[in-house]
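Please go over the structures that come below.
Here come two complexes built around chain A, the first alongside chain B, the second alongside chain C.
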Partner chain A sequence: MNALQQYIDLYDASREFIEQQSPALLNTLRREARERLASARLPRKGSEDYEASDLEAVFAHDYGVNVNRLPFDADPSEAFHCDVPNMSTCLYYTSNDAFHSSATAERNIGKVVVEPFSMAAVDYPELMASYYGKLANMDDPTVALNTLLVQDGLFIYVPDGVIAERPVQLVNIFNAALDMMVHRRILIIVGKNAAIKLLACDHTQSPDYQYLNNQVIEIVAMQGSTVDYYDMEESTPKTNRVSSIYVDQHEGSNVLIDGITLTNGFTRNNYHVEVNGEHAETHLLGMTIASGEQHVDSHTFISHNAPRCHSNEMFKYVLNDNAVGAFAGKILVQPNCPRVEAYQGNRNLCSAPTAKMYTKPQLEIYTDDVMCSHGSAVGQLDEEALFYMRTRGIGLEEARRLLMQAFVADVIDGVRLDALKDRLHYLVEKRFAGTLSSCAGCLAACRSND
Partner chain B sequence: MLVIKDLQASIEDKQILKGINLTVKPGEVHAIMGPNGSGKSTLSAVLTGNPAYTVTGGSAEFYGKDLLALSPEDRAHEGLFLSFQYPVEIPGVSMVNFMRTALNEKRKYFGQEPLSAADFLKIMREKRSIVQLDNKLASRAVNEGFSGGEKKRNEIFQMAMLEPKLSILDETDSGLDIDALRIVASGVNTLKSKDNATIVITHYQRLLDYIKPDFVHVLYKGRIVMSAGPELALELEEKGYDWIKEQVDSQQ
Partner chain C sequence: MKENEKPEKGNQIIEEAAQAEYKYGFVTDIETEVIPKGLDEDVVRRISALKGEPEWLLEFRLKAYRHWLTLKAPTWGHVHVPEIDYQAISYYAAPRQLKKGGVEDIDPELKKTFDKLGIPLEEQLRLSGMAVDAVMDSVSVKTTYRERLAELGVIFCSISEAVKDYPDLVRKYLGKVVPYTDNFYAALNSAVFSDGSFVYIPKGVRCPMELSTYFRINAAQTGQFERTLIVADDDAYVSYLEGCTAPMRDENQLHAAIVEIIVEDRAEVKYSTVQNWYPGDKDGKGGIYNLVTKRGLCRGDHSKLSWTQVETGSAITWKYPSCVLKGDHSVGEFYSVALTNNWQEADTGTKMIHLGKNSTSTIVSKGISAGHSQNSYRGMVKIAPKATGCRNFTQCDSLLLSDTSGAHTFPVIEVGNDTSVVEHEATTSKINEDQIFYCNQRGISTEDAVGLIVNGYAKEVMAKLPMEFAVEAQKLLSISLEGSVG
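This part shows the complex of A and B:
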């Protein structure tokens, strides 16, 4: 069986249609994607780098793909009333696979460019041509599939020297009334000495339908730039996601990527960071809180290709019930890269005997004179601490919650956006208390009309 | 307030307590002494409900309630407190959050509204001064990076916050220098009233110079083998435990 075949057949049947509706640039990579997919197979559970996750099974479901670009919804900002506590963002939406801006989107106008590929292909043809698809690697069949079927995407560009005043927030919503797969795509180019903070929140409005988001994000951080990308998933048990983030870091750039999963179905997050310039700094953080049948698999790769760079990686998981977590992290220090400092940590708490965690830390070093470490641990809640708290009158459930919150606190404190940090402490508290409703969610505190 | 009858307990099938009888009344201070391994810490663990121990017989009533049937947190709410021999570090949980949760859980137990932030901080400030606990320590994670002396002061601070009816001090003097010992002891004495009681578990007379006991009990091989007034502690300091051990062992 080959789950890819149904999507390849769909492409072959609708090729003209897809190409007509897409910017020409997107069509230039489809031939290669189609060729790659002809012989590709999605990884099954147990294959290399997929010890815990079965992509073939995830893609095998018969999802609808919106090749005809039918609008599902009016402007989603109409359907959401957003009240952003202590933080004003430039807010954008993706409704299923279609991009919308909102009234607050204009705040950074003239400085930060946020627009769909269809517009960017006209406004910034050279940038699009220079960077689209250049980082993403089509050896990964999910990336090839995204490239094959993507019809639009989001282009974010911060010109040289521009410091974005407000964070850019992207709220991704699934709300189609059918089982659906989307191919979200984002290209982020942050110019020399420019800075931006981005927050993406994934939500699902219709818990009854099965969705799959197969997304690809490319981030180019130019010399001296600062990029924060916070990626928060708060979806439903029937929402699945395969996400690949590729980062190219130039000299002296500072990139923070933070992947947060609070609620979801199946998620595979791939992070691929190429550190290509000296004195670059990379912070890769992850926090997963999973219960029920949630499945969260993170795969990270940081390649130090230049001397005197610093990377810091920490992923924490709290797993309950039948949740499955997986982490595989590899740090590669290429030859002739002295004075690289690279630290990787993965700490996991299984609060039920039925929860499972797979972890695989890896270091590969080809230069002397570097400082690297990796560590991984899986444990349970500290019984002594629980008893100590109970003797002070704190009930068992409350004591467990306090310890779980404490466990993830340092990852939350790594967030470089105060309003988001506060919000995350609050959300995590609610998540552990079991009172997080499906859309109490993101920073925008969206409330649907229903 | 506390009536213990023939209390027996084991850990991992090893019988530690073999029939403890002890009655404590309000206003009293009891010292429990005894050689290493006699079961002193086990007694405090069993009374506070440590799940590592199994009660195999006997009873313990606290103000007429079956203490052994209550969860550790409910025992705390009813007014039982244990100052740990080795206070536990809890990284990531701040003292403020810890104490506020503890106080509010107790209030909830008695059907009271939670404390306001201002009221809570006021109480915290007051009680901190009793054991001269630095504000910096109060804002840190529970016991994390505290010195031995700071940990013990922090135990007495928590005791002051929770206002228990019966406090068990398990080797609170271990690891303390003279100054810290004085601060801890004066904290305990400040909190003493005619309505509450204290059980002091210790190896040394030293602590009893500061916290004057009304009764001294010797625990040996899981039983209280001798009870007397404060003069017994002085005698033990002078003569050690061998004479009691011989007496008990020859009787068996």
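This part shows the complex of A and C:
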């Protein structure tokens, strides 16, 4: 069986239609993608780098693909439920794979450009041509599939020296009357000494249908730039996602990516960072709270291609019920890259007998003058700490919750936006209390609990 | 200026180290009987016939050979094994003299060989109180102390003798821990294995001396495929040592061995290796390909298996001594120092498969890379869903002594329940210049300082080696390292 075949057939059948409705630039890579896919197979469970995840099974389901670009009604007001108190953002939302901006966003964005590919192809043809599809690696069949079927995307450009005053918030909403697969694509170019903070959150409005989000995000961080990308998944057990983020870092750039998964079905996050300039700093943070049948697999790769860079990774998982967590991280230090400091940590709590954790932290070092380490642990809450709290009159459940919150706190504290930090602490507290996972849609319910 | 001086000195010392000679690179000039190169069913039959084996063993070999034909050499290791022409290797080589005279009149040249190796088979051994089985090329040359061990019921002999004298025991255990279907090299070994050691410790016996096997490849263009089988019955204890050397030759030679260990209730086996096969010259020419499958099954409750290895030799090492912890409360340990220099490549580590409740395992791995070498730790800790209350601690550190070497860590952890705790830590760094400076200040040369630091770094593992081996291992480390850094 080859799950990719149905999508290749779809492309072959409606190629002209797809190409007509897309900016010409997107069509230039389709041919290569089609060739790659002809011999590609989606990885099965147990294959290298996919020890816990069966992509073939995830893609095998018969999803609809919106080739005709039919508009789906999404309630944009839903997006406002994701409001972070005490923080004003420029809000954009995606309904499936179509991008929209809110009325308030454009007024406040200043010199930062946020627009769909269809507009960017006209406004910034050179930038689009130089960077679109240049980082994403089509050896990965999911990336090739995205490139084959993508019809639009979001282009974010921060010109040299521009510091975005307000964070850009992107709310992704799934809403369809059938099982659906979308191909989201984001290209982020942050110019020299520019800075931007991005918040993305995934939500599902119609929880009865099964979704698959196959997204590719390319981030170019120029010399001296700062990029924060916060990615929160708060969807439904029937919403699956394969997300690949590719980052190209230049000298002195500072990139923080924080992926938080609270509710989902199957998720595979790929982070691929190429550190190409000296004194660049990379922070990768991840937090997963999973219960039920949730499946979260994060795969990171940081390649230090220049001397004197610094990278720091921390991924934490709290697994309950039948949840499956997986983490694989590789730090690569290329030859002749002295004074690289790279740290990687993965800490996991298995709090149910049937929860499973797979972890594979890796170091590949070809230069001697480096300081690299990784640490990984799978365990449970400290019995003595629980006992201590109970002797002070805190109930068992409450004590467990407090300890679990403390366990994930350092990932949240890595967030470089105070208001968002507070919000995340609050959401995590809710999640542990079990109230969040029960609400359909997104933060609407928790907002009403405020 | 000072900064400029340092690397220069470093280079000089590295050069010296690169020229440090392989001490065991002599060839013994004795007549050997070698069967023609090539591998097919007839060769397998011939090996079996030469050794006068029973029908069931020939069947086992043939099955393994047929299975091997269906396999491809694994490529996942972080080593570059060139394509090996399996038809260009001779699969059986035996010192000819043996056949005529038997063990009592060992060829004097052979005796000298083992003297040079520091393995005197006679008096010195009695003094050191160690029983030795020496395997040269394909054949076990001599086993000492057999009678004394026999009084206690301990069987320690070559595996060919064991096949003749204790066929039931061998048949019961052979291929049970490492089946011939396990991997490419295990299938090859199962088809053509020539000799090796067999150890059986009966119930309740604590083996009074350390058992030791010395492996030596002597003949050119041969491969060595030995097979070791150790069985410790209930409440037994044995400490087993293995050492290996080979002559310096320009061509590469293949060594594909299997070690199987079975540990029953409350028994304990300690397996120590000092691997010093010829690593090739400073340009990476020649050397042994050491592609070995080692695995132990802790079958009984409260059983314990401890692997300790010091790996300094071989052009390529591909070796993962593993423990299957089947018994409840069983214990697995793995202590390793792997040193690579020049163009050596080592991909070594362990697997700890926890199947029994409350089983525990400890992994300590220290890698040292110098020259242009690549040194990898690859390991797996797997906790089965029913193996509750398990505990694992893993620490693997890498020390880089040159900017052209590489150190890599590839661990895999799978935890299937909520009562087990697994920890893994790894660090990679070079020797702190402050530490060397501190030693320099106190009149210790840079070379000695490096030796001190490296020995301190590896001490945790060295402490696990039996005394006789620890001395040798420490010497080996300093020979292989002699001033590799500045």
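Everything that follows uses one rule, which is that the second predicted complex is superposed on the first by the 422 of 450 C-alpha atoms of A that agree within 3 Å, B and C clash if a C-alpha of one lies under 4 Å from a C-alpha of the other, contacts with A are read in each partner's own complex, and residues count from 1 in each chain.
Following the convention adopted for this analysis, contacts are C-beta pairs under 8 Å (C-beta built on N, C-alpha and C of every residue); 3 or more make two chains touch, one makes a residue touch a chain.
Since the model is a prediction, treat every value here as computed from it, not as a measurement.
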When the two structures are superposed on chain A, do chain B and chain C clash or fit side by side?
-> fit
Touching partner for A:N336 - first (chain B), second (chain C), both, neither | second
Could you say whether A:C372 touches chain B, chain C, both of them, or neither, answering first, second, both or neither?
-> second
Can A:S130 be said to touch chain B (first), chain C (second), both, or neither?
-> neither
With the two complexes superposed on chain A, say which partner A:Y388 touches: chain B (first), chain C (second), both, or neither.
-> first
Touched partner set for A:T28, first chain B, second chain C, both or neither = neither
More residues of chain A are touched by which chain, chain B or chain C?
-> C
So, A:Q5: does it touch chain B (first), chain C (second), both, or neither?
-> neither
Answer with first, second, both or neither: which of chain B and chain C does A:T354 touch in the superposed model?
-> second
Once both structures sit on top of one another, what is the angle chain B-chain A-chain C taken between CA centres, to the nearest 10 degrees?
-> 70
With the two complexes superposed on chain A, say which partner A:E51 touches: chain B (first), chain C (second), both, or neither.
-> second
Using the superposition on chain A described above, determine whether A:E364 touches chain B (first), chain C (second), both, or neither.
-> second
Where chain B and chain C come nearest after superposition, their Cα distance in Å | 14
The intersection of the chain A residues contacting chain B with those contacting chain C is none
Enumerate the contact residues on chain B facing chain A in the complex.
-> 48-52, 71-73, 75-77, 81-82, 84, 87-93, 97-99, 101-103, 105-106, 109, 141, 158, 162
Touching residues on chain A, where the partner in the complex is chain B = 382-385, 387-396, 398, 402-403, 405-407, 409-410
Okay, in this complex, where on chain C does chain A touch?
-> 76, 78, 385, 388, 398, 400-430
Please name which positions on chain A make contact with chain C in the complex.
-> 48, 51, 335-336, 338, 348, 350-380
